[in-house]
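Take a look at these structures.
Below are two complexes that have chain A in common, paired first with chain B and then with chain C.
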Partner chain A sequence: MSERRLLKEYQVVKKELGNHKNIISSLEPIDSDDLTNWTATILGPPNTPYHGHSFDLRIHLTPEYPLKPPQVTFSAYKMPHCNIEFKTGKICLNILDNANWSPVWNLLTVVLAIYQLLSDPVTDSPLNIDLSNILKIKDTSAYYGLIEYYLNNKSDK
Partner chain B sequence: MKVEVKKVHCVFSWSWHIPKNAGTIESGLGEDAIGDIHGMVHEDDEEDVCGICRASFNRTCPNCKFPGDGCPLVIGECQHNFHVHCIYEWLDTSTSRGLCPMCRQLFQLKKGVSINDSHIERFRELAIKRQQEQNEFESNLDDDAAIARAIAEQEDTGRNVDNQGDIIMDQDLVVR
Partner chain C sequence: MNSDEEYSLVYDDDDDDNDSLDFYEALPATEFAINISKSRSHLSQSSEFDIEEDPLSNDDMAESMLDVHVSASAKRALTEGSVPDLKYECLTTEDIFHRMLKRVDHLQPIFSIPHEDILLLMQLYDWNEERLLEDWTEKMDILLEESGIHVSHNSNGIEGNDKNGNIRGVKFQESFNCIICCEEKSTETFSLECGHEYCIDCYRHYIKDKLNKGNVITCMDCSLALKNDDIDKIMGHQSSNKLMSSSIKSFIQKHNNNYKWCPYTDCKCIIHLKDTSSFAEYLRVHCSPFVSCKSSHRFCFSCGFEIHSPADCDITTTWIKKAKKESENLNWVLSHTKECPKCSVNIEKNGGCNHMACSSCKYEFCWICSGDWKPHGSNFYQCTMYNNEDSKSKTSVEDTSKTLKRYTFYYRMFNEHEASAKLDWQLGQTVENKVKHLQEKIGVSWIEGQFLTESLRALNEGRTALKWSFAIAFYSDPSHNLTKIFVDNQMLLSNSVEDLSELLQIKNPEKIMNKKTDFYNKAGYVTNRTLALIQCGRDLLRKGICKPTN
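Right after this comes the complex of A and B.
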């Protein structure tokens, strides 16, 4: 929308990030002169195979933001998750669709929603078919095992 | 003692009068003017802000220079307030589907509120536009459903033909 809304966004993030430090370890613009490109690091939620790992996000705010959703991706080849395309880091999350986005949401709510997605994978709209199939048949040990394999062996790529 | 007033400098401040129950909105100082003035000492982020642009209602939307009548707020039937420019811009996108960004109900201007009056016509036109899009979308869905039904029917008919074929063959066998 404009520089002014982005500056507001920056202020809100700086002020409120401290309340979420167990979830988001960083959320900041890549270059403080350009508030349209951000990076975030979220921590793996407890009681998930992601616990103990951290994950980087890239966030791009288009000129239409906040009337259109931000574009958010994980780093490529870093995120094994049922709703995330491993090769690209593309995220399938309903609130990031044009049709479900609301302009009252902001960067913090978006990042928190993505954190929530890590705990609550949705098998109906998979971008990682292998993980989704394992999850559908509720094979928890295979699910944990495959994710840990990805995280420990493939994430060096 | 005689005091002669030579010059008077008028100083005033204003803020939108936004009652917490959002029943009515008036511009200028309301009955609890003192409360409003006390309200002024609040930090910017403690004032009521527009959910879309995050700026205080007493300031402007991102595209305006002059607050107040130049960049007024409107109040929805659902009791959610926005800068008129912000909510209009949102409702003007087809992805909004005409819904309030806060509560996802159909956004309509609250009736009988003077501040809304001058915008009612424009918002009604916009609502009609969104409604038409929605109808088109739904009729497309209906079309899809109709096509799916037609295909299913065709398959069914195909199956009936096969069944009939079987029956005929059975009869043939019986005749022989």
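Right after this comes the complex of A and C.
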């Protein structure tokens, strides 16, 4: 919708990324001439099975942005998480939904919210049913084990 | 079988009637009443589900039949298989909204907050007064905050502005930097008491989409709600009406047991039926709740299709589904969508998790097992990706190929009559002109010209019954004697309908007047044949000869 908004976001991201160094290792447009497609890399939060790994995000801003939410996905077959579809990397997060999105949020808040989702999986709305079931019966060791298995094998795929 | 004799009797009687030209004027009511009461009394003995257990009712019926004027409508209601004594009203969204406004007036002394705020609360509670009152007495303060009427204490309002008393409304700013579009310009802005201020263009874009959703619209950065007045100020005069009407629409969708939209294109009527508790009972005896809206569109309240007698709702929906199955377009719908288990709206899953919320009735269910979501939230997931759908579809494929030939025949018949019904409808437009012609040219009084309109109605009803009778015929056991009688009845009605249709094509006004008795006779005959066919179809259903199979 607004060129200027995208430019402004670019500036804000450049300026503020330093404050989130241990969360987001990178957040930048794929091509600096096209501010509608971005990539981001977030770090696995401590005290989760994701710690020590990093995850790539793809962000696409539609022409309706910021009135409509950005489209964010993880890379396919890379992200074992209860609210993320393993096959596609799609994310089920309420703020990325049309009805709950607010135009005052920006790319930085979105990426931070996804980081938050890694530490706080929502078992009530799963896209990965196996992980969600394991979480529900609170089998922590199985949960860690399964996720680590997936993460360590990802280089094979 | 006894019933077969009964029918051939009715059949013979009517056949004789056909030969008598004076049939309609002299005989019909009594003659028909006898037939009806005969078959009725027979039915009430044979059917264990029969509702008419009162032995007097048959006599009452026969008596009312004797009265020529009452007979037409009474006969129709009785034999059409409509649920008797339906009490319903026809409304529009505006009517319902005005009722809600009256309720708000009524509630105002209890709440002692402005009308607009109550309206907001009602909207938030899906117009459910009882639940709102309950919560109100329990936790008034929390409710006022949650609903966004009062500024929330723990909201992250702009610092330092808490006590500055931000004024709700549109302002003009010489130089304003909107954080949404990042444009710096002199513009009108809008903010609520929370002080989150954005330029009016961004606000307009933000609100525009939300007007159709019917939910309460809040500030972009906090939960403070925009009232109707604010929306009108931002979007222009009476824009909030749109929001209110979409809110009422979602209210109707959520209460779709008692509220139904008229299915006719562009008809904005809503039928409200207070008591639907007896429906299940009536549906079991193959009676359907037929209703009629203000624009005299008649439809079935239960399945939402047009009047479908002699078929009952079961046959109708199975038939329609079957018809849809054949269409390529709907194959996609079937493979990519699922019906909402509650309101049957087709839902496409376009992403997100398996926790589905129907956009129409807001029912929450699981995409995989189509079950209610509630147990999923708290229990272990038991639904597996691979259910037995595969094996089911295999058998259904075989089934379809077996019956395809048979089906194609019946469906063609069904379609032909549907097409004819459309042509008849066009005919109806000219009939009105003809009546006018008669009045002007020959000086026929309006009431005398009514036989044309009456004939047209008989024709329409005959066509519709004929159309749906093919659904019945398709699902009936072809070897049974009663089915054969039914098919004979179909033929008779079909012939009589064509006769009448031909008669209605006459253009010359004098000729029309000369054939007035013909019109009466043929229309009356069509009506009687229609009712006989419906009655026969209902018997097929009652005896279980006609059963919906997928």
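The rule we apply is simple: the second predicted complex is superposed on the first by the 155 of 157 C-alpha atoms of A that agree within 3 Å, B and C clash if a C-alpha of one lies under 4 Å from a C-alpha of the other, contacts with A are read in each partner's own complex, and residues count from 1 in each chain.
Basically, contacts are C-beta pairs under 8 Å (C-beta built on N, C-alpha and C of every residue); 3 or more make two chains touch, one makes a residue touch a chain.
Small disclaimer: the values here were computed from a predicted structure and weren't measured.
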Fit-or-clash call for chain B and chain C when the two complexes are aligned on chain A
clash
Contact breadth on chain A, by residue count: chain C or chain B
C
Contacts for A:K8 in the overlay, against chain B (first) and chain C (second): which applies, first, second, both or neither?
both
Report for A:K90: first if it touches chain B alone, second if chain C alone, otherwise both or neither.
second
First, second, both or neither for A:S102, with chain B first and chain C second
both
Just to be sure I read the superposition right, which of the two partners does A:G145 touch: chain B = first, chain C = second, or both, or neither?
neither
Mind working out whether A:G52 is in touch with chain B, chain C, both or neither, as first, second, both or neither?
neither
Once the shared chain is lined up, is A:P66 touching chain B (first), chain C (second), both, or neither of them?
both
Give the one stretch of chain B, out of 4-12, 40-48, 112-120 or 166-174, that collides with chain C after superposing.
112-120
Could you list which residues of chain A make contact with chain B in one structure and with chain C in the other?
1-2, 4-5, 8, 66-67, 99, 102-104
Which part of chain A faces chain C closely enough to touch in the complex?
1-2, 4-5, 7-8, 66-67, 83, 90, 92, 97, 99, 102-104, 124-127, 129, 132-133, 136-137
Within their complex, chain C touches chain A through residues 179-183, 196, 202, 205-206, 209, 213, 215, 220-221, 351-355, 376-377, 380-381
Using the touch definition from the top, list the residues of chain A that touch chain B in their complex.
1-5, 8-9, 11-12, 15, 66-68, 98-99, 101-104, 106
Chain B residues touching chain A - in the complex, by the definition given at the top
45, 51-55, 62-63, 86, 89-90, 93, 95-97, 101-102, 104
